[in-house]
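Which chain is which? They are A, B and C, in the order written, and residues in each are numbered from 1.
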Amino acid sequence: MKIVRVKVSNILEVLGSQVISIDGNAENVYIDNLADVANVSVTTLDWVNPSKTDKQMLAENTKAKVVLVDDKVNYTESMKTNGKVLIHVREPKIALCIIGNTLFVQKRRPGTHSSATVSPNAKIGKGVFIGPHCVIENCIIGKNCMIDSNVHIYDDVTIGDNCVIKSGAVIGSEGFGFERDENGNRFRFPQIGNVLIGNNVEIGANTCVDRGALSTTTIGDYTKINNLCHIAHNNVIGKNVVIAAEVNVAGGNVIEDNVWIAPSSSLRGYLTIGKEATVGMGAVVVKNIPAGEIWVGNPAKKLH
Amino acid sequence: MKIVRVKVSNILEVLGSQVISIDGNAENVYIDNLADVANVSVTTLDWVNPSKTDKQMLAENTKAKVVLVDDKVNYTESMKTNGKVLIHVREPKIALCIIGNTLFVQKRRPGTHSSATVSPNAKIGKGVFIGPHCVIENCIIGKNCMIDSNVHIYDDVTIGDNCVIKSGAVIGSEGFGFERDENGNRFRFPQIGNVLIGNNVEIGANTCVDRGALSTTTIGDYTKINNLCHIAHNNVIGKNVVIAAEVNVAGGNVIEDNVWIAPSSSLRGYLTIGKEATVGMGAVVVKNIPAGEIWVGNPAKKLH
Amino acid sequence: MKIVRVKVSNILEVLGSQVISIDGNAENVYIDNLADVANVSVTTLDWVNPSKTDKQMLAENTKAKVVLVDDKVNYTESMKTNGKVLIHVREPKIALCIIGNTLFVQKRRPGTHSSATVSPNAKIGKGVFIGPHCVIENCIIGKNCMIDSNVHIYDDVTIGDNCVIKSGAVIGSEGFGFERDENGNRFRFPQIGNVLIGNNVEIGANTCVDRGALSTTTIGDYTKINNLCHIAHNNVIGKNVVIAAEVNVAGGNVIEDNVWIAPSSSLRGYLTIGKEATVGMGAVVVKNIPAGEIWVGNPAKKLH
């Protein structure tokens, strides 16, 4: 966490139109950390979940001086006595995220680390960070991407804007497809396709995304993939899909928008997972999943 | 994909004895890509699966000018009118692979990248590529191997000819074996064995192969291991075994020739998986599997 | 394995108080390897398991000249004739480990490899090895740690003494937590917590340990984590816990001391796994596990 001392005026400025109103005397009040409930101190920026029935009490009792609340929490006499500041916002948790991401997250300065190996043919957008020991081949990377350390991005990979590729990820390596020769020995089916990644995508640490065999492996905008996943050749993954850690997606599936794939599950190849469907933790999916359904188990079945 | 313009005469040369005969006027006809069925263009090298009952029609209807077919597909008047060229071959898909692998796959030029760290004691064969940021210790690597980026190969590892070790793979690190001292705290059982990898083996990206504890972890010729697998100490893996992505092979198993291990499955240690057996996707294997059987589920049982 | 020729006097010196007594003429006798039972030679240091009923016969029959045994194995006339040396010790297997770890394991010399990228703000203890292509940010690393190649340790990570972090491990990267903005698009919940790792901990190759979101991801003393595991944000893992390969621990769990987690299992977030509990191979854990219980299956249930 970046160590910063933030005035309430600063918070209001960053939150902009999120803010509805403010109660209390904000002068000389500052915050210098975010924390979970067990570690809230007087200088934590705290927040109260609007769905809690005891939200008034929570706002009253927190040690924090500055609290993000909705417009139903009242500013009381005791809050005043204690010098509290209530910032009423439309969505307290979102507001907390905005403050955290803007003021407390350490950001990499754009630029390419001297130890990275970058092809002169790579097309790299403005504001991109490329970390130590990366290998960037003849690919296209959009604006404001964060490519962490030890990442390898191969030829024919296209990545959109605002993407995060975490340490050790391997994007665009050859897929796992083999034929047998006349002696029965396996040799590689040519893996000469490409990878197309949209905007605002995250690829987790040590995750592998293989290129298409003869076509394209696609990952849509805002899709988030966690650590240690395997995305095989020719998958077509939609927008706002969440793929949790250690998920294994074999080749050629279609995963539609807003699908949620829980940790450690695996998908057989050439399936369709319909929009908004959920794949449960550890599910072993061997059939198509219709839109909106939840499937769990080994083999995975619809959850009733 | 390498961008190349290939004449039919070139194709025939590369295919050699695969070719049975050729129909049509090949002059001025060229191909410049391979593609899946949805993306075939006039300059795609297309192929028709000999087992299809409508193969004559498929050869007739493809947009491609040059088509790999078996000897049962006939050259028709309309093909002639359209300027098509049929190349009759023994195995159309194999022929396609040969063309792809020979003419369209980007090959690394042999040599060691300047950023790799290579022990002066390593014995490295001719035609080997060692990629950026690799760590190559006192090991033996055969001819024509492709060691991609960020790979670590430890002391006492022997790798045969024509192997591919993909990015981030870790070959020969210490296995996971512990004893408890008199206070009950765990400390390492010495892991001082080695790793022996045959010819034409592939090890996937970010896959880990541990050295034997006191003996040898062995991987046989033509065995192909996909990304993110864990191969623990003392495994003895035969020839032409396929291990799909995210498979976990605990210590000391014997996996015989031609076994197929599907994605995300796990094998308890000290088992024997008999020749030609199949381990299903996500299977949790806690018993020996007899030769030729298919086992699936958690815990894995024979599929009837 | 380090090639060394070790005299019996040397062995006795290293074992110290483990030794009860010695039989046979140790002059001119040496060992130069450890081996599994199939590969024992005349110069192997062999050992006999005290719990075996035929231990006298095993000690008699081994090809090895020098044998670690308990105090119940007798030195016989034929042993004398064969020039054998029996070293009676309290725990033969522990004694073997001590010899292996002291004399046969190749140790890295302390120091930082020239290709590593180390923050000037990092606090690194004495006797630490930092391998090639590591990225060490503003963190604290205790004494005598072994940080293997291609490891990335982020800001705000604290690692105790005598830890081993294996190749490709990623310690302290941002966790996987997202909110949706008003358009329904996901964006990151700030991940600004830290990681606290105790003494004598091992983290496997290509394993990922995420920092806390707003608090701390904790790993206790003597805990051993194998390759390719995912330890998400905010986990609190106790002492002497064993986490086998490819295990997926989602966010916010409490894993108490001496828990054993078998390979390829996964834990849903925000669970408590009680002291000494065992999670079976491939188990998909979605409920709390009481202390001492064994749970297996998908979903995991108590084993009866």
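Here is the rule we go by: a contact is a pair of C-beta atoms (placed from the backbone, for glycine too) under 8 Å apart; a residue touches a chain by one contact, two chains touch by 3 or more.
Everything numeric in this text was worked out from a predicted model, so none of it was measured.
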Self-contact between copies subunit A and subunit C, residue sets same or different by half: different
Cα superposition angle of subunit A on its copy subunit B, in degrees to the nearest 5: 120
CA centroid of subunit A to CA centroid of subunit C, Å: 31
Multi-chain contact sites of subunit B, meaning residues that touch two or more partners: 115, 133, 150, 168, 206, 228, 246, 264, 282, 298
Residues of subunit A that touch subunit B when the two form their complex: 115, 117, 133, 135, 150, 152, 155-156, 168, 170, 173-174, 176, 178-179, 181, 184-194, 206, 208, 210, 212-215, 228, 230, 232, 234, 246, 248, 250, 264, 266, 268, 282, 284, 286, 298-299
In the complex with subunit A, residue positions of subunit B that touch it: 1-2, 34-36, 38-39, 93-94, 96-97, 100-101, 104-106, 113, 115, 131-133, 148-150, 166-168, 200, 202, 204-206, 221-222, 224, 226-228, 240, 242, 244-246, 263-264, 281-282, 296-298
